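Here subunit A shows up in two complexes: once beside subunit B, once beside subunit C.
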Partner chain A sequence: MEEVLETQVVVIGGGITGAGILRDLALRGIKAILVEQGDLGHGTSTRNHGLLHSGGRYAVRDPEAAVESYHENLILKKTIPGSIEKTGGLFVKLPEDDDDYAQKWLRSCKKLGIPVEEIPVEQALREEPYLNKKAQAVFCVPDGAVDDFTLLVDVCADAVRRGAKTLTYHKVTDIVTEQERVVGVCIRDVLTGMEKEIRADIVVNAAGPWGMEIAGMAGVPLKIINNKGMLVVFSHRFNKRVINRLRMPGDGDIFVPAHDVTIFGTTGVNTENPNDFSLSRPELEHMLADGKALIPSIDDMRLIRAYSGSRPLYQTSAGRGSSGRDVTRGMALLDHHERDGMDGFITITGGKLTTFRLMAEKTVDLVCEKLGVQANCTTNVETVSGRRTGDSFNKADIAPAARHKLRNWAGVQAPKIESALKEEESSHIVCECEQVTWAEIEAAMPEKGSFRLGGIRRRTRLGMGPCQGTFCNFRAAALAAEKGRATIEEADGALLHAVSERKKGMGVVATGETARQLLLMETIYRVSLGFGEEAHQNV
Partner chain B sequence: MLDPNILETTYEKCLKCNACVASCPVSGVTLDFGGPKHLGPELKRLVDNQQIIDDKRIEFCTLCGNCDMSCPENVHVSTLTAYAKAIHTEKSGFSFRDFVLSNAELVGKMASAFAPVTNMAMKMKPIRKMMEKMMGIPEDRQFPNYQFKNFNRVYKNKTSGSKRKVAYFVGCYATYNAPEVAGSFVKVMEYNGIEVAIPRQKCCGIPMLANGRMNRAQKNASDNIESLLAYTRRGYDVVATCTSCSLALKKEYLSINGTDEARELAAHVYDADEYLRMLKEEGELNVNLAPMKDRAGYHAPCHMRAQGMGNPAMDMLELIPEYDVQDLGAGCCGQCGTFGFKKEKYDVSMKLGRTMAESVKDLGADYTVTECGMCKNQLDQLTDKAVKHPIQILAESYERAKRAI
Partner chain C sequence: MYDVVVIGQGLSGMLSAIWAREEGCRTALVTTGAGKIMQSTGVMDLIPGSDGNLNEWMGIYHLGSWQQSRLNDAIRKFKTLMNRLGYPYKGEPQDLIPIVTGSGRIKHTALYPETISPVTEEGSAVVVGFNELTDFQPLFIRKNLQKERPLLSIDSIRIHLGKYSQRLMTQLDAARLLDQRDIRTDCIGQIKKQMAQKQIGRPDLFIFPASLGEDEWKETVGQFHSELRAKVTEAPGMPPNATAIRLNDRLKREAIRSGVRFYADTTVVGANMDGEEIKSLRIKTSGRVSNLSGKQFILATGGVLGGGFEITPEGIKESALHLETDSSGVMARLPVNLYPVGASKGVQMICHGIVGGVYTLLSTYEAVCGLRQSVTGGVGNA
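On to the complex of A and B.
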């Protein structure tokens, strides 16, 4: 007989929206299970720019979204400090950018209360030497950089600590309905193939670009257009602050510093398939040509990889009756009872990483209303434990760079990692580019479940540097096998998967050093380690 | 304040291949050093536009430049390690000892002002003990002698009247410690009908770089560039007898100064033997060299090799009839500028030098030839053979030829 679980709320989707909802539910004492088909962050939530918007970008086009962003920006900096770097941001006006827009922008920011401060161009050029010398005016805004991996992991961990459950690598295969009412979901463990059912009072569809599929399972019409954007990663961090172009938002006009790299983007192309993560060289070239206006030496800099993700854009037209409760134009909260006569089912979609907390708040307000629970949202004040650990790791015998990383990274894992580091082998650096020790890798491995390098990468930055895992992927896999944390087959499989995944992201940017790096990687894996063509088939 | 975000971006190209680590003489003898890859390109990437990370182990880097030579991607590894040194110096404060050692010029001036006393003092036990205590200079470490008749007091020619004109970058060592080398160079040039001018000059800056004093090195670089360009623009070639100086003028200034002027100057700089070899190729060299029956072992300084010009000293010495010179092929000497003067680096320095000392012994030549004053210091310490500069040998050969006429 198949396993049946029971809970109050099922949240479909382990992106940032689902994670935020799970935590909010837990804080309000509502039992919930989050179901995610892959690892946390399988979708758009780890495939975006990582910009904590100040609202500046939307000040002219979408004032409502701008205010929401600014408001959330302030809350997140306080409540989830471990995943946010308060870099600040610049809006830069170039000679070819419209003066009128700049004037409108300034007026709108002022009206909306978004703090803007003009700085002398010379000062901006001194601080950001790669910026176009022709810049006409430069304004500072309170943008920030978000680490979307740690954000997601920490928000979920906080929810779990408060009693919520997560089921990763579990795919929702069907939605169970009884007389115009959703009563649960059917799920399948994608690793074992085992089928299960979860009975619940309410099911929340937070499946992002897959939202349409989920709605379809409940027989509810929903139209989402997936707008795919491409991003590229530079091999090092060449800017201190976020650099935006002061013009009507377009392609290729934001540079976000993210730890040791700079992320640049983006584009927008509609796609039917939510699983479409394809990358296009012409699209990349077009984007780089745009980016050159802000950073003229862009072509001389080394790109290490590219990736893409889709923005789910809700289309009001497809609903019957009311258009649902549009929180703003970008963010849609749909009560399918009100909208389609299907009780116990809610869809939340659109929005931004920056506004995930607000989206969760609105969603859980609606859940409470439906469940008749009286509880206020507290995520605007309750903090998620941070990541910076002051002067810990003093005694560890590791390079200062590795110590520095741990102090900004280890968070609640610090005591565990610190004691593991006492063992000499655990203090070996496995990933040199990002200074990841074996102790960290071990701490990032799940208690049960199979060995996967992707999950470790997202939790430790293993293989995220310029060599893209040329050396550390096989080191990590070999160590895991040696230490009994993975079988040889698991280690091999994980390695093949990781390498082919890295190669996809590198392939499209592979010119110059990255082409040579790819060649070196191929040589090591194909020739030295004897991995054959499977690397290509395993994609 | 030092701006750590230098526009040295070659670290971007690093493929993590480890060739530099394999070639680093220090990594070869101690595990206490983080190695060129980590302390060079890797660390630079981790601190660019972020919080600075200070790694004390950078003190072990001798700035010998072997890493640069081995890198297939042309990463300026030792420029990056020089920056790590600068960061370390700024973070940890600057010890008096490093101040003295990085200030070859100042010390040279001070010491040669009362040279006999200094030389005595350097050899006297109690004083050395005190130096070890106060400054961390190992008691057993021999020092180069300081000469009272330093070269500046002897030779004051500011311009040249010959067709080919040479502006001689004397360098601190030949100015203060080995004026005989400078004298030989002037003579060799005379034998070739070239009059030598001595431009206004400051220490090339390498000792400052090695001790993390980036700002000072940059200042000296811009002073030297200005002064030397005034010569090159009037048709002078800049020639140095010290291979660290020529490396600085040719290569380091491009990184630490980076201006068009630095580039302009670099195109006119020659190592002394390289210059002579060029004269030979142009058919301008006076080849009237008298035979010399000596047997010599040649030690190639790291900073000579780092210039990627082959081995001009060997090429020149081989022109002397009957002269038997063999390359010791011994790698790094371990003195490495001011490195071997430091107490905590003394053991590493001695280990590094062992291969060199052994090959000197194995060869059993009459004496050793090398361009670098610091290599000479290590050779003096570790071997009992005399050490000469190739230009001294050439001068002697020319002189014998003249006497024979």
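On to the complex of A and C.
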């Protein structure tokens, strides 16, 4: 072992669940290190729909989850405003949708305290012109849209500010046990290959779809079914509010606005492999056919890319003795001491993005109990700094659109970016679709570790617009090499990787303009810039 | 009634129209928008994205050996035209030359404008970038070039054009600035100063972005060459490249000058057939549909990238004439008076998105030969 670290708690998994736990631990004064095999959000937490549930979707099928969602929805809007747009949502009943379900739904929402307000169909059609004119009834609910990635990085950054540590690009390779007790984890720096160990009193498995693998390392039986869902991104935002279909939840029945685009989904197919992010054209077509019922002109709208993620669904059957503590049906908190006789080890799985805070609260309550720490959860009131920065960037010599974006996006990075922008070259626009300047890119780069465009994209929105990185990936990589922020190998490698990743996401939706954009990208890289065969790796 | 109606304003469309006029045909050109040369590099490749030679090219494009002399004629005709238009092209398809791109990688091409020089294996080169121009990063280029040219001694420097704008500066914007003599003189001064400071000796070649002047390219290249006392080359890369824009502008001006009637911002939305012949095109301008009749038609709609083919979930559709095609876009029954050229011939002709300049020239030339034969009543001799 080349390095041994010590802490009180190790959190495995840099998804929203792990991040929430890390922050809660930090707020309660417990030392912790979060270990993530990729960048933050490598898993489901950046591969979901970004809907801040009002609870409406679960009102009939799972009242408990519905209430939890609604309560968390209210808390998150207050405590993490920077990542949430209070769009509101609509539940729309179409002629073919079951009347009984609609009645049950209304009764249940009322009983659960989820505020529902019916609005005239004409009004709904005026406000959402793309909605099916045949809609029979429309109800407003307090749904919202979450930027899953900013949520995750902001929660983590807040934890780090409060003394927690994160190790990204570090993979947990083993769990160290001594006499029926977990005492630490072995980790490998995936960029350098360096092996390290972290000794800790408690290890929390928050590895989402990979949770089974982690439990296996501790010799604990755990059954998680990964249910893969597909989502697609439209080139522009055509709905102001979230649009849900008022029927028993199914495939392809939610449209969520996200910044300037609309995200539509989803599907559910079980998969064995947590690393399976594959996309299928028939699945997409089936989903679009469903979506047409709500938005009839769906075929005329341009899809810019698709992605998929897996919901980890906990199966109670695999436990040894007692069946663990089911927090609710969707969310499982397993005390492996109680359940399997393995002390110092906890698994938290299932749940939703919307309920991550609650999952963290329950988990950290259990950690405190085990450590004998008396401290109450405060994440329901403590806020995470927002991203809006008022009238900053007044002096920066940048286009109005870039200034607007920075004011709504830079958050705590604002002073750093603002001072970098004083230099002319830092204020050069690198990504025109999303108005990203070099100053932002530089602020988004990790202090150490290798240069990766994916991490920069998620932190700045570089390459997220209609051209999907055709131009700006090249500019960013070349600039990084130019300015000594990346070696030439890193720059070229990052570029080829980013291009092939984008191609994967675009390939399945590649018709019309998107097919053209994909070809243009290939022509520019292969023909104009002379990139060789390597440009085609993993495509 | 026109003798020839060309659909598309890319390289193939404009060349077809110019050459049809040279044959004395009354010619119209209908186009929705600009062609791909606006995004192109301005050089003419054999197999796009590959350094395969003439034989491999002929294999890939299923060309017979008898087409080789036509290829030579096509290239000669193109070079003669470009000489006349004041933007001469060099090179031969038998003899590909290595040029450096805006990423520092080497690509091999057949025909190239006079602003481009090949990169040698040995000797020395200096890459010059402009601080304001994000699309061309000299150190990055130098490092990539060094990988491909280990024996070449390469340096890189960055200078100011002295024009910052909040908008992203392109290679074309930079070219327009370099059309101004005082800016060029200032740049040369900066280059000399930096070379002296960094003790860089006079190289064999200076590598610039594809920005060495737009209208004044000759003066620009000439001044850099004589005052820096070394060869200079442009390294085309991210669009728009001045190398390609010059070609586009000169062809367009020539087409207009020679009397081609332009129907700009006009989309072909169908064809009126009379048996196996196209009688007229249905064209749409600002929402209004009308007919445009002609004797012969050239389809130069550029394939998928040019807009001539649409990829739909059901497969490829020909989107201008709405004629039935097979799965690669080849027309099931080609009307007798229609000549598809370039990428309009079907997606099987496409490598990495395009057909390549040399094939574009050949297919355009062949189409014009076909016109000539039928206009003079010689179809039977074909």
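Everything below uses one rule, namely that the second predicted complex is superposed on the first by the 536 of 539 C-alpha atoms of A that agree within 3 Å, B and C clash if a C-alpha of one lies under 4 Å from a C-alpha of the other, contacts with A are read in each partner's own complex, and residues count from 1 in each chain.
Following the convention adopted for this analysis, contacts are C-beta pairs under 8 Å (C-beta built on N, C-alpha and C of every residue); 3 or more make two chains touch, one makes a residue touch a chain.
Note that this is a predicted model, so its numbers are computed, not measured.
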Subunit B versus subunit C as contact partner of A:Val430, first or second or both or neither: second
Touching partner for A:Ala510 - first (subunit B), second (subunit C), both, neither: second
Which of subunit B and subunit C A:Gly469 touches, first, second, both or neither: neither
First (subunit B), second (subunit C), both or neither touched by A:Leu520: both
First (subunit B), second (subunit C), both or neither touched by A:Phe238: first
Touching partner for A:Leu479 - first (subunit B), second (subunit C), both, neither: second
Which superposed partner A:Met301 touches (first subunit B, second subunit C, both, neither): first
Residue contacts with subunit A in the superposition, subunit B compared against subunit C: C
First, second, both or neither for A:Ala399, with subunit B first and subunit C second: both
Common interface positions of subunit A, toward subunit B and toward subunit C: 399, 432, 471, 516, 520
Subunit B-facing residues of subunit A, complex: 129, 235-240, 257, 259-260, 301-302, 399-401, 404-405, 432-433, 435, 465-467, 470-471, 513, 516-517, 520
Contact set on subunit B toward subunit A in their complex: 5, 7, 9, 11-17, 34, 37-38, 42-43, 45-46, 48-51, 53-57, 73
Parts of subunit C lying in touch with subunit A, wherever the complex brings them together: 39-41, 45, 48-49, 101-103, 105-107, 131-132, 134-135, 137-141, 143-144, 147, 164, 166-168, 236-239, 241, 304-305, 307, 310-313, 352-354
Subunit C contact footprint on subunit A (complex, rising order): 285, 397-399, 402, 424-425, 427-430, 432, 471, 474-475, 477-479, 481-482, 488, 491-492, 510-512, 515-516, 519-520, 522-524, 526-532
